[in-house]
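In the two complexes that follow, chain A is the common piece, with chain B as its partner first and chain C second.
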Partner chain A sequence: MTDNRTDKYKKVAYYPGCALEGTGHAYNRSTKEVGKALGLELEDVKNWNCCGAMEVKNIDPKVQTYLSSRVMSQAVNEMGHSVVMAPCNGCYHNLKKAEYDLKNDETSRQVVDRISAKAGHKTYKAGEIETIHALDWIKHGIGEEGLKSRVKKSLKGMKVANYYGCMYTRPRHIFPEKDKGAGSESTSKPHFMDDLLAAAGAANVDFPLKTACCGGAHTLSDSDMSTKLVLNILKAAEASGANVIATECPTCHSGLEMHQIRAEKKFGVKTNVKILYFTQLLGMALGLSPKKVGVHENMSDSFDLLQQQGLA
Partner chain B sequence: MRSLAAIGDVLEGGVADATPAENARDLLHLGEEVLEHWLHAKGLKPTASKAEGFRLLGLHRQGAKGDPSFNACRETCRELVYHYNLITMAPDDSESAQRLVMMRLVASHVYYFVSGKMQSAQLGEFCCSSRDLRLKQAS
Partner chain C sequence: MAIHEKHLIRPENIKSHDKLVMDGIDISGHWSTFIETRVVKDYNEDLQEEISALPGGENVHRCWQCGSCTNACTVNAINPDFNPRYWIYLIRMGMEEELLRDKEIIWQCVSCNKCTYACPRDVAPEGVMKATSHWLELKGHTKPSPSTIFDDVFSSQVINTGKIEDGLVVRNFFKRTGQSLNQPWLVEMVKRMMAHLPVTMLMKLGLSTVLRPRTQNWGGARDAINEYVAEQDAHHRKALGLESLVEMAKQEAAVPFKHAAE
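Up next, the complex of A and B:
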């Protein structure tokens, strides 16, 4: 895919989703600050609603398709945008899934049309808007060279395990733009976060669990299993030589943070690897203070490491 | 075939007194056993066929058929094979011991993922889920 994206992504509709207004607030804050620092503009989707997450999808997947379609309808029909950016993997996944369903499934189109009419807004049609992730936004809106030229404090010394989680690349069929060769994202070995952080001076470690399950779905039903899955990710990151795990999903991020603490309390296993959103790392590389990118809102206390690296 | 609990004990225990290549073979086989448990639980006979040269990947492909959420462990299975190759193709490499540590963690992830999924197979589509349950409820 080449490319008018540098211009196209300069100003996009922003769909934070519910997690970024709650546990993932630091991701919201750092995404917005990085955007400002890079000259990329975000405009909140007006009167946005839940993407359908897992709760609605489990009861009626067509209603989830509708909910996600309404977000896209707001962005395109009410605001005139051609691109909507969702930094949360769950939201990103659901909008992409809705796009796929509306393109390929007549029943989904009928359901969405019916509920949209009842709700009194224009029905979203497949292809009217492009849904992207925060990684796409920076990777194609600015690019590695653009990022490099703006770095004020190199991330040199940060050894990063990039953790993408399972929703960013799965299932493959809802991400037709991925796996298209050079310049596109890979569903088996994603690398956009690696590329951006390397451009900011970080050293990425070879991390085999970058798309592995974080146990998010087990958190309430079987917390011990979630803790074991997370602990395994943390141990693998440390064994890879990382001193920080970079995340790009609020569910994975809070799971890693909470279960890191729980692993110590419940199983007596302490891990020292720090957990930061990739936007927080990029923000600090761009010269923003840790507070500006919400490091104080994280549960994982990375202040000592940031100080050692000259970032705080 | 060992029970899942016995497999868990092996993974949580220390490294066996064997060469890196032997240990790597054991871990790969252990991954196959974990997937065999998943297939038995689904009422299927585990395949002897290989995918991309490995039975582990053949078993994964069989286990994901009709259950796309099982693909959440696809790359982890592939990483297990990758580490097996790294170790067995250069067993005397100075990094073999470290690679074995990593291979054990990767094998553990397959084990935890499948064990968790078997315990709570009807959680929902978000991640480890029962698509069947969701579709039944929707109909």
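Up next, the complex of A and C:
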């Protein structure tokens, strides 16, 4: 795969998804700002729809496949793109899953074909577009060296626990490009976010719960379970010496923020570790103000820490 | 002891005596502990077929009981009774009564997919958990779980408009589960959320609850999805033998009506 991606990722279709227009707005803002600062161009997928998130598959998995396929169909057939970038783990995962199912399962192809025809748009066919995450986009579109040369304010005082969550690496079979040795992402020990933040000067801590689950699927329907799972993550990050957790998924991010507050208010367990999107950290390293990357939109108030570190 | 005989050593199934003499020998203490002889007669021979007929359960027959799923399970680490390997075994054995003992917790699977990642046989245990939760609800063994209600609230919004507005999903979910929005942690959360936001941003957030986001020209997709979901629902009910039950109930209900008419 080496490496026409530097050119290929210069301009990609952008699929923000529902969360980035609501609770994950800071992620949307910071992703766009980082893209601008790095000279990577994003073009919104026209008239997109929800990918199905974690919920629609429980009503019917093939409806989820259809929903995700329509997003890809829009990017291909309405805009002529060959790469679509989704910063949200849920969206990224679902598009990848749809790609896998459409490639390997005849029933999925039939259902998608049937609904697409009735909905009045072209059926998406496997292989027409490449789905990437915001991490792939920066890692391959710019790379660590390119990033280093653009850093204006080093993140050197930031002790970061990189948290990737579930949907970025599991299940393995929907990510055929991962676990391919040097240079590729690992599904058991993902490192793209670590690599990028390290290039921006951050001190990454050895964090054992990179791919632990935050209980995001049941954040409201089984809140006590989610609070317990989130507390594991927050406490492990603090025990690893982190002063901030970097996230790359709006559901994980809002889950961590929400249950940090819930743990404090409901169970009297207070944790102090801050939570920031990796794009917010990268943006500040590139010289953007905290406001520009939406730090004021986070529930987790990190201004004191940022001031201490000379980032705000 | 085979895993499906686990229930035999539950406290309520163990017979012990403080003082026991047999054939003139005092066997009081540990020696007096017995498991009663039993006949297992409550098999549901169709259980595996029924679970396989629901989305996610298709590969349950592939399991060879290595236990990787339970070993990897996020929820099992918090609640040891949450045991996917054991439930898959019961499903394959047809031990419905034993499975029903855990009916109130099976829905708690958080879909982290650690089991599916670890499974060497492509059983996709996460799917089996979802299929089993649906089976419990379709058969009337449990009420719709909070998770099912959330899926429902969320999915109907997606199917109707193509997009979701997270504030509306939350409000509808709390309404349908009868929970108050006035909980200290929620209030605190909203306070912190608002703390640094400029007024224009707040107005924009407020506006999105009025002008709900939606995908343009979505009607065709909505109708096609609804039609497909209804079809699938009918398939599932048929596979679980629920259609004949409904027919029987209808006929029974029709009888007294006839009498009354005469």
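What to note about this one:
Going forward, the second predicted complex is superposed on the first by the 312 of 312 C-alpha atoms of A that agree within 3 Å, B and C clash if a C-alpha of one lies under 4 Å from a C-alpha of the other, contacts with A are read in each partner's own complex, and residues count from 1 in each chain.
What we mean here is this: contacts are C-beta pairs under 8 Å (C-beta built on N, C-alpha and C of every residue); 3 or more make two chains touch, one makes a residue touch a chain.
Since we're looking at a predicted model, the values are computed, not measured.
Aligning the two structures on chain A places chain B and chain C in clashing positions. Counting residues of chain A touched by each partner, chain B versus chain C, the larger count belongs to C. When the two complexes are overlaid on their common chain A, residue A:90 makes contact with chain B while staying clear of chain C. Legend: residue contacts after superposition of the two complexes on their common chain; A:151 is shown touching neither chain B nor chain C.
When both complexes are overlaid on chain A, the residue A:312 reaches neither chain B nor chain C.
Judged by the touch definition given at the top, the superposed model places A:111 against chain C, while chain B stays out of reach.
By the touch criterion defined above, A:58 lies against chain B and chain C together after alignment on the C-alpha atoms of chain A.
In the superposition on chain A, contact of A:49 is made with chain C only, not with chain B. Working note: chain B versus chain C after chain A overlay, options 20-28, 56-64 or 92-100, clashing stretch identified as 56-64.
Shared contact residues on chain A (touching chain B in one structure, chain C in the other): 53-55, 57-62, 166-167, 170-171, 212-213, 215-218, 221-222, 225, 228-229.
Chain C makes touch with chain A in their complex at residues 55-56, 74-75, 78, 108, 110-114, 116-117, 124, 127, 130, 134, 145-152, 154-155, 158-159, 162-167, 170, 173-174, 177, 184-185, 188-189, 192-193, 195-198, 201, 208, 213, 215-218, 220-221, 223-225, 227-229, 232.
Across the complex, chain A is touched by residues 68, 71-76, 78-79, 82-83, 98, 101-102, 105-106, 108-109, 112-113, 115-116, 119-120, 123-129, 133-134, 137-138 of chain B. Here chain A touches chain C in the complex through residues 18-19, 21-23, 47-50, 52-63, 66-67, 70, 111, 114-115, 118-120, 166-167, 169-172, 187, 212-213, 215-218, 220-222, 225, 228-229, 257-258, 261-262, 264-266, 295-297, 299-301, 303, going by the rule given at the top. Residues 53-55, 57-62, 90, 166-167, 170-171, 188-189, 208-213, 215-218, 221-222, 225-226, 228-229, 232-233, 235-236, 239-240 of chain A are the ones that touch chain B when the two sit in their complex.
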